[in-house]
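Shared chain: subunit A. Partners: subunit B in the first complex, subunit C in the second.
Up next, the complex of A and B:
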């Protein structure tokens, strides 16, 4: 491999890694707040991608302009999922852990079926966007603009999440995470905080979905592979740690990109999973996990 | 107290024996091939769910990677038959043993993790197994392996078009897994495992070896899952990574237990008796058009049952409380 190839592969891994990091950040946020792993996270991303496709087909609106609309839709959707299902799942007396896992699994299967029902099984893609087929050439290394924009937006969204955690609301989130019962005594509505947490988590994955739709196909199963990477990212970074999600996302993006070149593309996930298992041998709670 | 438990356990054994007798003879009256197929699959998954129950229910370790043990069992037994001519009647047990070994191999690193970290690690292990088999030419890669049709016999465990012998084969499998769970429930191991599930710290302070308990439960669970996979391979006559190792099998193996009641003797059977017919019927009547209605129904049912009956459907029958020894 020449230096140029190495840089090119590294650039590809970096751009993808930032998307992984944002998907994982949404998952990590929800987990950190209430110990729930959302197994329908990938399906929320898939819904965001379909939303982009539908709006684009109906109005021709560019994905970049759709960003606030779809992110808001996902935010509301996440809150609705919390109010309708998760609040109930948190209230059960028996097997709480298993109920939470399987309720979100059931939701994932339901959303996948619904997508197939509405849009059929075939792959769709958004074409002819402002950015498609353009790229930036930096000293011989190509950065396709859709991927570059996606990475930049994901980084900005990530920074946004970190900023939110510094506000009054962020402090309420942190306090609710520390002690669910005690916050009620100082007038914080736990249910409202949890619902907003779900809204933010779903909104984050929605933003990733919108940007991904600019250069990736949409199909009922597209969420599954991204979700798997997201779980690995969160576990690798440490559940509940935002910084961990960023570092792990970038690491996974790079490992994936280089495995695809060194071994072969069909085995690219093997490299990711191998690194993940290896790290967990030495740090069972991930790189930055405290929980 | 001791007396009460012994009496109740004896009663459970008698009920199981009676049910088994009914289950051996009643299907002889059924001629409909589709119905027999649904019954066979339901029984097979009842056994697999019981196998999952041993690690997931009694020992409390939520494994979402059981498809690997299932697939290993069916690949080992099938390849031993196709490549080495070993009759499946012996091969299925070797398949099971390899499933158990695989479970130990997976458990050794993964049991350092707990809670969600463990669950996600098992998902990843399942995915690694799937990807490796998909790209491994010796085991047929993505093309899969056909099991050559042999003369119907017990040695080959092939019965041609006749479904009834298959039904009895999976019935024996269910009976074996149930008996294993029954024996575990009353044994020292069973008490230790439930202690691990309920409170690791307390269990350790009582001298329970946590790691060994998880490994033992995992190996037994893996053995029966591999055995079930081998039987499934024989029954369908063709295996490939998608049909025996895909991630959704891991869910399908765990789900009947969760719906029926984790850590109970009858939960896995009840859950499979409801889930598998519903899944099979909805996919043959609604899924044919590829419109996803069957998936919606399946997903909605999981959500409703999990939320409405978190302790499992088995609790509808009154009787004993969940988790009581």
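Up next, the complex of A and C:
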């Protein structure tokens, strides 16, 4: 491998890694806040991608312009999922752990089935966007603009999440995460905090989905493959850790990119899951885990 | 201000309170004393909306039954719970300021900070420290301070002396008296009979979930039967 190839592969890994990081951040946020694993996380991303496709097909609106619309849709959708399903699952008297697992697992299967029903199984893609087929050449390293924009937006969204965590609402979120019973003593409605947490988690994965739709195919199963990588990322970074999700996302992106070159592209996930096994064996709490 | 009538409640499957009737008037310090397991904590949890109840609890004439815990706090009932329940990884300052979270949008919501620092100057020295790094006594001060930030009209304290150096117990109880003098009504639950009755106006003796004696604090303190029979002293 020449130096140029190494840089090119590293650049590709970096761009995908930032997307992985944002997807994982949404998952980690919800888990850290309330110990619920959202198994429908990938499906929320898939819905965001279909939303982009449908709006683009109907109106020709560029994905970049759709970003605030679809992100807001996902934010509200996340809140609705909490209010309609998760809050009830938290309130059951028996087998709460099982119920919490199956409620989001069932939701994932439902969304996937519904997407298959509505849009069919074939791959769709959004074409002729502002950024399609354009790229930036930096010292011989080639950055496709859709991927570059996606990475930049994901990084910005990440910065947004960190800013939120420094606000008073962010402190209330942290307080709820530390003692969900005690926040009632200071007049905080934990259901509202949980719902907003779901909104933020879904909004984050929605932003990733919108940007991904600019260069990636859309199909009913697209979310599942990203969600698998997100679980690895969250496990590597440490459950509930935002900074961990960022570092781990970048690492996973690089591992995947280099595995694809060293072995072959169809085997790129071997490296990712190899990392997962190593984490489970040697550092189960992840790099920055608080558990 | 607080009127409880025929209150029964279960905690972890056990009947912890049976037909408790109790009243707290504005400006009083009322102590509820009793041995371990008498139902003292459950009583405060019931008022704070944390356990299911039978009977009635009225605060300023409003029925608290079925009201969610966070709304009871917003109505002006502050609880300093057993074990303090601070937010361990947040700073002292964040713990205090979050006490005013529910009052966002109102002016002067951080004003009680002055009072808190006046009562507990140590907290002001430790503002940037994480709550988990404080000593037991300081944590208790912070828990009381956090409750004061919600601007309660009724402050309920669950065993504020627990796990604290004897010297600090007096400081904290002195602070409770000052809080009352500033116009906050106090309902104090304590296992330490002497200290609690010293600052209280009236007291109730709770034994296995029932009120077995009530009267002015001085009378209860002077009653030898109380010490022997109900408090194992």
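One rule holds for everything that comes next: the second predicted complex is superposed on the first by the 291 of 291 C-alpha atoms of A that agree within 3 Å, B and C clash if a C-alpha of one lies under 4 Å from a C-alpha of the other, contacts with A are read in each partner's own complex, and residues count from 1 in each chain.
One rule holds in what follows: a residue touches a chain if its C-beta (ideal position, glycine included) is under 8 Å from a C-beta of that chain, and two chains touch if they have at least 3 such contacts.
Given the structure is predicted, the values throughout are model-derived calculations rather than measurements.
After superposition on subunit A, the partners subunit B and subunit C are accommodated together without colliding. Contacts of A:105 after superposition: subunit B is touched, whereas subunit C is not reached. In the superposition on chain A, A:175 contacts subunit C only, with no contact to subunit B. When both complexes are overlaid on chain A, the residue A:97 reaches subunit B alone and has no touch with subunit C. With both complexes superposed, B is the one of subunit B and subunit C in contact with more subunit A residues.
When the two complexes are overlaid on their common chain A, residue A:186 makes contact with subunit C while staying clear of subunit B.
Angle at subunit A between subunit B and subunit C, computed from CA centres in the superposed arrangement: 90 degrees, to the nearest 10. For the pair subunit B and subunit C, the least inter-chain C-alpha distance in the overlaid model is 16 Å. Residue overlap on subunit A between its contacts with subunit B in one complex and with subunit C in the other: absent. Contact residues on subunit A toward subunit B in their complex (touch as defined above): 31, 35, 37, 85, 88-89, 92-99, 101-103, 105-117, 120-121, 220, 228, 231-232, 234-235, 239, 266-267, 269-270, 273-274, 276-277, 280-281, 284-286. The touching residues of subunit A, counted against subunit C in their complex, run 168, 171-172, 174-175, 178-179, 181-190. Chain contact summary for the complex, subunit B toward subunit A: residues 62, 109, 112-117, 119-121, 123-125, 127-128, 131-132, 134-135, 251, 255, 258, 262, 290-303, 306-307, 310-312, 322. Of all the residues in subunit C, the ones that touch subunit A in their complex are 48-50, 68-74, 78-79, 81, 85-90, 94, 97-99, 101-104, 146-147, 149-150.
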